[in-house]
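Look for chain A in each of the two complexes below; its partner is chain B in the first and chain C in the second.
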Partner chain A sequence: MHQATIDKTAKQKVVAICGNPNCGKTTIFNYITGLNQQVGNYPGVTVEKISGKFSHPSLPNQSIQLIDIPGTYSLSAFTPDEFIAASVLFGNFTKMDKPDVIIAIIDATNLERSLYFLLQVQQTGIPVVVGLNMSDLAAKKKIKIDRKKLSELLGGMPVVDLIGNRGIGVDELKEEAVHLLNSDLRTVDKYYSHETENAVEELIQLNPHEDRSRAHLLRIIFDAGGPAEEQFLQIEGEAGEKLLAEIRKKIIKEHSYLTHAETSVLTKKSEEIFNQVITKPDVADKTNTEKVDRYLLHPVLGPIILFGLMYFVFQSIFSWAEPFMGIIEQFFGMIASSVEGMMAEGPLRSLLTDGVIGGVGGVLVFIPQIVILFFFIAILEDSGYMPRAAFLVDRMFRWCGLSGKSFIPMLSSFACAIPGIMATRTIEDKKLRFITIMVAPLMTCSARLPVYAIMIAAFVPYKSYFGIANLQGLTLTLLYLLGIVVAVIVSFILKKTIFKTERGTFLMEMPSYKVPTAKSVLIRVYNRVKHFVVRAGTVIMAITIIIWALSYYPHQDGEALTAERTEEINQTIALSEMNIDKEFNSLTTAFSEAQIAEVSRLASAFTAVTSQEQLSSIADSMISLYPAYNEVISLYKSHEFTKLEASQALNNLPNEVAGTQIRSSYLGKAGKTIEPFFEPLGWDWKITVSVLASFPAREVIIAVLGTIYNLGSDIDEESTSLIDQMRQATWEDGEKAGMKVFSIPVAISIMVFFALCCQCGATLVTIKQETKHWGYPIGVFVYMTTLAYLGSFAAYQILTSVGL
Partner chain B sequence: MSILIQQIIIGLILAGAVGYLIYHLTKKRKMKKGCSNCPAVKITEQKRAVPE
Partner chain C sequence: MTFLDKMQPGQSGKVVGFTDDNRVSRRLLELGVIPGRAIQYIRNAPLNDPMEIQVGHCCLSLRHAEASLITIELDE
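And now, the complex of A and B:
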């Protein structure tokens, strides 16, 4: 329990305690006030404003109020709650008294970063006492801080050594704070550039009656679009808006970016102070993390290692998963066979075998790939490499002005866009947050992996280059990169057009490297596999059942279709036999008996023929040997040709009937109607409906292709694996009739479409929930679908034109 | 099993599938603790509202 009410008596003094997240501020607050408050381990644990009271003998009959300010790395405020916290420090939060003293807690092991914040706090003009917490840890790391020098460089601020978790130094800190309450030590130093100082002055001149602290004015200047600006404009109106625009223009002219005018100055000053007060161990004593980071965060080596790691992971997915996938495939094959053995033919059996087992089973085959991908992701996350990957990507794309803050949610979107979109809540700048939400679905989520995997395994050859680079792994790496690159380009365009915003400051804590524990890695892999299996058993199964129904009904009777078609074929043969008798007689009227016998002997050679090619070759040789019998041989050839065709048609009858049934289904009719629109992408109607059916959830394409090919093909085929069925699929009609549907350009075209399209209903609903407006999910859906269609079209047309 | 019974069973399964799909697409999603170990998610999970 904490005392949330504030006794606003004239005598009560207010002390605010602030600091970076994880600096141990709350522990010290508890020591001083005696409140038992839980100390969390994560940044931002004290966003709630909590206050307590303490007394001191020098101020009898008085209680001093201590306010716990939420942990922050900077005083920049973009969300209302951050602004409230900052406003308390500025002293312009109307519901509270202005603090008389600020206690700034600093992590002694991370002094340089803490100084940035301290220099901002200094601008409030309120007396500050500095608590150097975790000084025991600093000593262990052989870090020595010259307290006296630090105090001197900070304009005389008292500096106290603390070991917060043992309460050491807390009494001294309290003494210093109370001492400052009775003095008037103000330590404002003007570190900022000439333009910034002029800007502060101009804002004061605009409305001298308004009591705004220097720190507050700096927030108005630098936090473009933030609550400080909003509040300022409400009070100052048009004149304020005009002045603010003018002064920002001047600052940008000098510093390129608005925020640079602050970050560069404060970073430089922090460095200066840091170098003068700190004695750190030699390079030889550097921590292992620092040593490793020298390579992993190296401007050239870092991205190479990152790319190499990505390539290794994706290559492993193909190399290691195959045997396990075969086992799962066999398992589902066995289930399908036993269901077929147990149930009589009918719609229910078809639903179970073609729909559920063929569809959902087809998706579950990819469990080994998911296991491998998340095994590596878990290792990279647990080892502490992931934030570094975000840092490297941020550095690579800094040129286009995209903030590193966007990369953390984007990184999270590699597993699933939904937590990624929710994670954008940490981005204070509203416009930047919306940009990130709009590009997060472009990151390659785990649902895309099965689609890529099946297309790559089926159509990209397993070719090695230079002994290391393999085309399959390389294709997958490029698809992941495609998502990132397009996201960066889209963000850049949005930033320059719809959501004009400044690049924010990117401060990120790099955790130390550690060896991942087997338990943690296994738990993560288990959770992802569970998620994948549950999804296959719920949403994918639901869509598969609907798709099965649409491709099964209206159901034409297979037996009747077979009988009708057999009759047609038999009639064709009978007619041909009738014709041959008649024409043979007319062509051989002038022939002698010996000639007729010879011609008949020659014709008998045709009976052993099994293919059209063989037939043509024999007929041609006969004609060249016996030119006089040309017409009769051609007649026999034509008859045998018809017979061969009929026999092949009879053999292919089950496939033909299944094809007719699926084409006359609701799905087939719809697919044929829209097929022309997707033909420029190289897709037939089956691919088209499969892609369209995957708009609610992208993995569905595999289930739908499985269902369509199972329904539309003979169950006695040699191989029933989806990959083989796709390889054998041919165009049913039109110019390409009889040609293979799938080729490398078609596979790439499908993968590009999946890389760029937002085929996830749940993501769109989450975007609406996060933005509170349907315009955003609609916008995301429209731009991503358009991009996917155009990208897919370009990929197919370019690849076919180069002869692939 | 007669075709009619099979059709009824399929009808029920289909209704269930459509119902589930509508539920899946419209349900309100909450940040699940541990749904990702990304630092950004951790920060979001830990953020609490400031009382007035």
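And now, the complex of A and C:
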């Protein structure tokens, strides 16, 4: 808003917001920044970084940057995710400024555990504001927290009561944070044991130039084998290694276990604070969460509800989106026809109507389905159901090499494999993590949805059973299941071969259920849709234009082609006329005049004939009545046959010309060359080309099909939807010439291919970033493409052999 | 004294300590499984693993293999 007036010389102030997972941190973040957010990656790594801006009247010409730090239970770090959270707070993160203020969000109903984390954060020395979230829930549970006392015991940190899902207290929190912006670093209480404090001192002495905060040094000391140690050893080399071993030895001598030197201090200290600030009833009340979990986590009901829920979501994606998609389709239809009306025929008009509008519009039609899918995913995540889903399926997932923890990344992969693959960072076991990464792209992501949607809408009959289940929804569910089943099999094989896993862990909090806030859900849906639209406007648009150009050039003049073909057809008719005159005379030399008159009368009956079938049946019955005229009638029949074919060819000429044009284009030639390889899958060259073009991004197939069928169809005819055009498409040549291209087996074959194939450049790049090795994305690409070809081959051959 | 994985769903007790010092025990501590606290074994997942426990006001899920690290004193 004040962009123009921002003082460029002043360093932008940075506030970091942190807290345990499920403490309602993101909701608060959304309240402070509104839609003023940016999703990106931390420089150099791929942990998603969400940052936003807000302003405050006391700093009129400045916006303050707010960074959302991944939720974590402690600053001790063993996974990449945890280390990033920690090192951002240490100001140890390259290319990112050290925060000026930290906002720590704390779950008031879970104060003691949060204190452990808060005490570690305090060790950074950065001024901290504490947001005591869910204070309404705490009040309901009759937990009373003495805010003043808490603030006092934490060395004067401001403490603010929050009800995050209603935005209450957020202003006060902002106020306190801004107030602290100009204050200095705090001196930190040194309540760790004597040995620990000595160790910290020795590490500072080792390299006084390196600016490491106390909190950071503690991580180097205590997280043996963790990323902080690894980084330290890289910088300090052997001297560092020796010193670290020495000081750890001293600590272990005193505390018997290394980590106890920290955990015992922190748990004791948090217990102390806790007991002084809290009054709560002794009896643990049976909460609503417990009551709900009695059903949702029931050994039999639980899984049934889980799968019922998934089924419901997929059904709704279909039925609710329908009317809105119609509106969008009409909208683009209107634009296309008005552009067509305004411009003269030529490459530019073709590019706009067939390429850009036909292609990108075809993809944007799926916005309603994306909205519904993300709406449900956001609700499931915000409500606290996701960890329960993981709990329910952990045992089922384990035998195949995955764990319930893999379930959450895999569920996210239903939206998009990229956040799903990134979400695997919470999996500590490396092998388990790699298996999950390698099978996550098999989950049905939202980019596959448009492909399924259009194929199902066009070729699977809309049949309803019992009023709730319909065949289309069932097909969609089966496709989702296909992805899951194949993922299970693949990970089982991976577990038995490449990644022989040891037993992983499954430590996870089961948060209380929360009613998701409209604001948080809407912001997430909005961000996702924005992402989708931007993709449609950039990547998909670019590919669409390339495909359009390849299928338009080299351009053959339509009028010249039409004239040429008309000439050819007329010549055929003239030749046939000439032929009949000659033959008639030679066949009827022996006929009497009455006979000739009779034959002519019979022949005139042919003129009213409109189809080849009619012609044959009339000719057959005449011959059986007048066997003597057999030859003459056959002659007339063949002549009428030629005329009939010619007039049909003339009627179909615009389509034929368009077909010839696209077949002779670069794309058409390439497609025809590789067609035989994909024919066993039931595909003609147009499908083949569309599928190949969609390797960079799946949604492209809709755009490409739209472009190819628009170009390959009669332009004067009222433009029909892609679905109608696909239904009408016929094979152009070969033994199937004239037969319909699309049938249920072909549609299924295409969908199976998309279910199993890794047609997503971005996913492959993400896998490379996460695994730090090109071998993994290449492996994923090869195995998935092979499976896709074999899968759709099998689907098509089996379905056609049973006569579908 | 017994181990968490040897308890029955519905039983409750007190956390005594851990049989080992590793990442798992550390994470358990951070999640609030602190010696001296009351602990309740709530339920098993379908097919009996993992399990859900309650420590303080917080519910956790963990596998039986991890639960075997935690020593418990059962309530009378």
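The rule is simple: the second predicted complex is superposed on the first by the 509 of 804 C-alpha atoms of A that agree within 3 Å, B and C clash if a C-alpha of one lies under 4 Å from a C-alpha of the other, contacts with A are read in each partner's own complex, and residues count from 1 in each chain.
Operating definition for what follows: a contact is a pair of C-beta atoms (placed from the backbone, for glycine too) under 8 Å apart; a residue touches a chain by one contact, two chains touch by 3 or more.
A quick note: this is a predicted structure, and the numbers were derived from the prediction, not measured.
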Contacts of A:333 with chain B and chain C, given as first, second, both or neither: neither
First (chain B), second (chain C), both or neither touched by A:257: second
Partner chain(s) touched by A:267 [first = chain B, second = chain C, both, neither]: second
First (chain B), second (chain C), both or neither touched by A:391: second
Partner chain(s) touched by A:558 [first = chain B, second = chain C, both, neither]: neither
First, second, both or neither for A:110, with chain B first and chain C second: second
Touching partner for A:761 - first (chain B), second (chain C), both, neither: first
Chain touching more of chain A, residue-wise (chain B, chain C): B
First (chain B), second (chain C), both or neither touched by A:351: first
Contacts on chain A seen with chain B and repeated with chain C across the two complexes: 387, 508-509
Partner chain A, residues of chain B touching it in the complex: 1, 3, 6-7, 9-10, 13-14, 16-18, 20-21, 24-29, 31-32, 34-51
Chain C residues touching chain A - in the complex, by the definition given at the top: 21, 23-32, 34, 43-50, 52, 54, 56-63, 65-66
Residue ranges of chain A touching chain C (in the complex, touch as defined): 73-74, 76, 78, 109-110, 112-113, 116-117, 141, 257-260, 263, 267, 271, 284, 289, 293, 297, 299-300, 302-303, 387, 390-392, 394-396, 398, 404, 428, 503, 505-511
In the complex with chain B, residue positions of chain A that touch it: 4, 40, 42-45, 47-49, 70, 80-81, 84-85, 344, 346-348, 351, 381-382, 386-387, 408-409, 411-412, 415-416, 418-420, 422-426, 508-509, 524, 527, 538-539, 541-543, 545-546, 549, 696, 761-762, 765-766, 769
